[in-house]
Amino acid sequence: MKFFQKEIKLKARSRGFHIVTDEIEKHLQELQEINAGILQVFIKHTSAGITINENADPTVLEDFESHFNEMVPENMPYYKHTQEGPDDMPAHIKASLLGNSLQIPVTRGKLNLGTWQGIYLAEHRNNGGARKLVLSLYGV
Amino acid sequence: MKFFQKEIKLKARSRGFHIVTDEIEKHLQELQEINAGILQVFIKHTSAGITINENADPTVLEDFESHFNEMVPENMPYYKHTQEGPDDMPAHIKASLLGNSLQIPVTRGKLNLGTWQGIYLAEHRNNGGARKLVLSLYGV
Amino acid sequence: MKFFQKEIKLKARSRGFHIVTDEIEKHLQELQEINAGILQVFIKHTSAGITINENADPTVLEDFESHFNEMVPENMPYYKHTQEGPDDMPAHIKASLLGNSLQIPVTRGKLNLGTWQGIYLAEHRNNGGARKLVLSLYGV
């Protein structure tokens, strides 16, 4: 059993959903050493999330942003945590709805994603900055 | 440390939530070789999800479907990704809300689920077809 | 590769979101044996969830509870699973939205969480009682 771990930083992105599969994979030259395993992607933040979804049509990314803003609106009258701006508390809730880690099977040296699957960074802040990920790769 | 991995196909199901624990376990004869470990279940699709919830009362499954349709309705005016039908974009969003992988502890050769826990396939398309899963099982 | 697994019980908490990082870590003296690895936290229940979010301002916890009650209200007319009380079916849905497992990287003997990240127990029942977790810790 092999175990690799590293911390990387994704470049800063605007608020919204972004495909980051390539940016993550370029840090994973160790993938070729794994015949069967798991890649874990962990985001070290509480106002951005990661998820896997459709990698082909850019309007899917836009519709995700529109609907997340509908499901978790800014300025709800019951929000008490408001001192970091109207985008902050919704960002926390959205981050937990998507979750902060992905586990992806690795098979014969490659991420074993479905044809239409890509890794999304969900940037929920207006100015989130660069986001730190911990990548853990293990298997045989 | 042992590591097993295989790809399986779940039979096609109607739109809604379905308990698939048994259909998954019948592919896992290797479970008995693991004293302490993890089963990872990964769904290779972007319009169906998997989750763990109540395994006893079938109305729970129906209420999940009703509420997911309420939280993520079809035909929202802001959807741009509409060419694959009104059930498609909501299916993508629902899939990410539930997530596309499960990690379940394995203890003394069995899934260490709580008494009331079962594995759900959440089929969000009207005609989703058979769904592919990657099962990764590892431990000592 | 080392693999540790144990079952623990969190003390009973009131309905709402609670930071439980310390209560979990005190069971993890084996952390110091792991240089690079993963901690998996699995909750064996279908009406409470676990997630990772902001560990500093208690009003974030309150806002989570308020918004989850807004997104998944009690007494929706379409709920059929009502015999265990009005808080039960929403609790099931909320639990699946957050998910029932966390995977956290372990680096040089410590949970590799971001500065502002803590582990939340999301208790969705009015009287949920003590909640059982399975902790699986593995790595090199």
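Couple of notes before you dig in:
A, B and C label the chains in the order they appear, each numbered from 1.
Methods note: a contact is a pair of C-beta atoms (placed from the backbone, for glycine too) under 8 Å apart; a residue touches a chain by one contact, two chains touch by 3 or more.
For clarity, every value in this text was computed on a predicted model and none was experimentally measured.
Although chain B and chain C share one sequence, what matters here is the overlap of their interface residues, and that overlap falls short of half of the numbers used.
Between the two copies, chain A and chain C, the Cα superposition rotates by 120°, quoted to the nearest 5.
Measuring from the averaged C-alpha position of chain B to that of chain C gives a distance of 20 Å.
Residue positions of chain C touching 2 or more other chains: 1, 71, 97, 99, 103.
Chain C meets chain B in the complex at residues 1, 3-5, 7, 40, 42-46, 71-72, 76, 78-81, 89, 92-93, 95-97, 99-101, 103, 132, 134, 136, 138.
Partner chain B is touched in their complex by these residues of chain A: 1, 36-38, 51-54, 57, 59-60, 62-64, 66-67, 70-71, 97-99, 102-105, 107, 112-117, 120, 139-140.
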